[in-house]
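Here you go, one structure.
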């Protein structure tokens, strides 16, 4: 009898050892990824990288100032599209939506969430770029904004639902109309959770490249205004990484480091903020 | 306090606010519908010209304007399938370790870190893929070729870029996803189930394999489908390491192409109307496949939420 | 304060003169983290009898029960000291395999916990895990134990149905059958009928009465009437200490400790 037990114990040790190895591997990839990018990127992350325009092709030097500003503008445009739709749509679902219509909205948000980002790019290309006749920052911002909607919607609805009904009833009992109760009591109560959710939705699209490829395209110079193609960090990384110039590869690493820091930093900040409690006082 | 006479005014505020939020909510439906409509209409030229043959013809000729999507469908399905085969054991294994073996605090911290991987942009994975994975694969292929080169799976020159390289990179990208969701599902299995198995004399591993995983089966499968949906749409990292060659080949080392990658590369080059329509049709196919996979994932996850086990009194 | 002379209680000869001792417990001490759950408990549990453990909530009776099959090993922060032997073999010790122990000592839980598998697979789980592969033998085991648990007649034609379709009382009898399938010598029951209605409870009690011919049974219950109906010996725990232990009839009609009398007359708890 002890022989079978020994064998079963051996099997257990083996299998659990394998799971530990899987964990170590996964974490190892993470550490390696972050470390390597930090190492490679840090050496090229000079002040000129952050402030200079790209140098002419083949020439050394230059930077990605226009890409940094471009990404910022794109995110601003995206926020103008994604936040109102996602936020107010979420308000509707949480406060008014019961029944079939609300289910359809949620289903549509799920579909939107699952659409590959490149397909969103195609859609905006057909709807905006073709009629207007050229690529533009606005088109890129729109594409990113569309991608933000499902994330912002779900976050808003979720956190609003966490607010206890007793708060709503208290406001209504004081004679406030429904919309005042929502705007001045319920939303402020969920504000921390919603803010982090919106922040996370922004962080998610900050790293997106595919939808920009045929909406905002790229630009080796400044892009004043909103109706011209613009550079962005993700697209620059892509362009530089597959190009044959070693100098550009270095800059791609630096850009990757900047992008990664922004995106991961936002994620960590958002999670930590949430740990402090999603529902605060109004 | 003076009495409030304007009941009509307040009523109007409610109507306005409700209509506003309803409008925005409805716009989500409109947007989703618009995407479908746009894809359908902009691909009309190609659908009319090639019909269903589009899905299984493998010629992709922008000069002669003959288009078939098979290489891309093959590339997408093959990379995704191989990626899942690599990522599932790794991800599930790590999830088991984090849910069943490690002390809770440590596991929570490590899971937090792993979940950060989910947020890394695709293009950054592509960077690492291009400069680290591809050279590594080239060396690997050069070593393996003399030994296994006759086997069709390993034939061909050692480019470094190719189907297998892209699959590995995809696997790296979806593992954290599987870990995070599977771990949650495993943690949700009631302790009473484990207690029952342990009390019968099962080892901890036998408990995990025989009771915990079967109990969590739907959720784990759901996580796989979600990861699948993500992998299908992955564009940047894949296009940077797959070689971008529209050919179906048995070799894992051969360059290939996926639907998302060809869209990324050729969309802005498509000068001809039918060329563009063919590309949009590829987008339509991708859209439909992703929709289907997401639907399956939703059903599976819904089965988890219905708690399996409330007995009749 | 507890009389130190009571630290080694044994059942009086008249109730158990024919029954050899199955389990001996000496100076069992259990800590959960910093809190002490059991304080130096010692007693002898006779074979083929039903021993009931009673006491108010938190008195340590479930903790004591879980020591007998080392289920406390799986509670983080639990520390066990003292000695427990079954048929003279110590069950704690570096060379003792808890997995093997749990084949000899089975457990039925307060809330029935069938696996979301078929009735057959639930009962067959234990034997399969211990290496039984033969389909015919498994079917024999399943039928035998379902009969022992008085469930066979109700489920024999739907062994492949999900166990979750059974009623609460049936599920608990299924869990008993499942525990019996590994052929234990001792069956531990942690308030097995507390979640059941009176009719289902009566069936379980009847079952216990029949099972004791083949097994040693230790049952935790907060229902004193149940303890009186079902058990041969009763141990009364309070605040982690064993207060009194003896033949059930005597303990309930003429307890020797005032604390016991307070509890059974309902003065508290």
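Order as written gives the chain letters A, B and C; numbering starts at 1 within each chain.
Simple rule for what comes next: a contact is a pair of C-beta atoms (placed from the backbone, for glycine too) under 8 Å apart; a residue touches a chain by one contact, two chains touch by 3 or more.
A quick note: this is a predicted structure, and the numbers were derived from the prediction, not measured.
**Q** Please indicate the chain closest to the centre of the assembly, with centres calculated from CA atoms only.
**A** Minimum centroid-to-centroid distance belongs to B.
**Q** Specify the chain most distant from chain B by Cα centroid.
**A** Greatest centre separation from chain B goes to chain C.
**Q** Most C-beta contact pairs, which chains?
**A** Greatest number of C-beta pairs in contact occurs for A-B.
**Q** Between chain A and chain C, what is the separation of their C-alpha centroids in Å?
**A** 55
**Q** Provide the C-alpha centroid distance between chain B and chain C, rounded to the nearest whole angstrom.
**A** 49
**Q** Between chain A and chain B, what's the gap in Å when you average each chain's C-alpha atoms?
**A** From the centre of chain A to the centre of chain B is 17 Å.
**Q** Which residues of chain C are in contact with two or more other chains?
**A** Where chain C meets two or more other chains at a single residue, that happens at 99-100, 130.
**Q** Give the residues of chain B that touch two or more other chains, as numbers and ranges in rising order.
**A** 203, 206
**Q** Specify, in ascending order, the residues of chain A that touch 2 or more different other chains.
**A** 8-9
**Q** Inside the complex, what are the residues of chain B that reach chain C?
**A** Interface residues on the chain B side: 103, 190, 192-203, 206, 210-211, 214-215, 308-313.
**Q** Which residues of chain B touch chain A in their complex?
**A** 4, 10-11, 13-14, 16-18, 20-22, 24-29, 31-35, 38-39, 42, 89-94, 96-98, 101, 110, 112-114, 116-117, 119-128, 130-132, 172, 175-176, 179, 203-206, 209, 229, 232-236, 240, 260, 263-264, 267-268, 279-280, 283, 286-287, 290-291, 294, 298
**Q** In their complex, what parts of chain C are in touch with chain A?
**A** Chain C reaches chain A through residues 97, 99-100, 130-131.
**Q** Please name which positions on chain A make contact with chain C in the complex.
**A** Residues of chain A touching chain C: 1-2, 4-5, 8-9.
**Q** Quick check: in the complex, which residue numbers of chain A touch chain B?
**A** 8-9, 11-12, 15-16, 18-23, 25-27, 29-30, 33, 36-37, 40, 84-85, 88-89, 91-93, 95-97, 102, 104-105, 108-112, 114-123, 125-127, 146, 149-150, 153, 175, 177-180, 182-183, 203-204, 206-210, 213-214, 217, 234, 237-238, 241-242, 249, 252-253, 256, 259-260, 263-264, 267-268, 271
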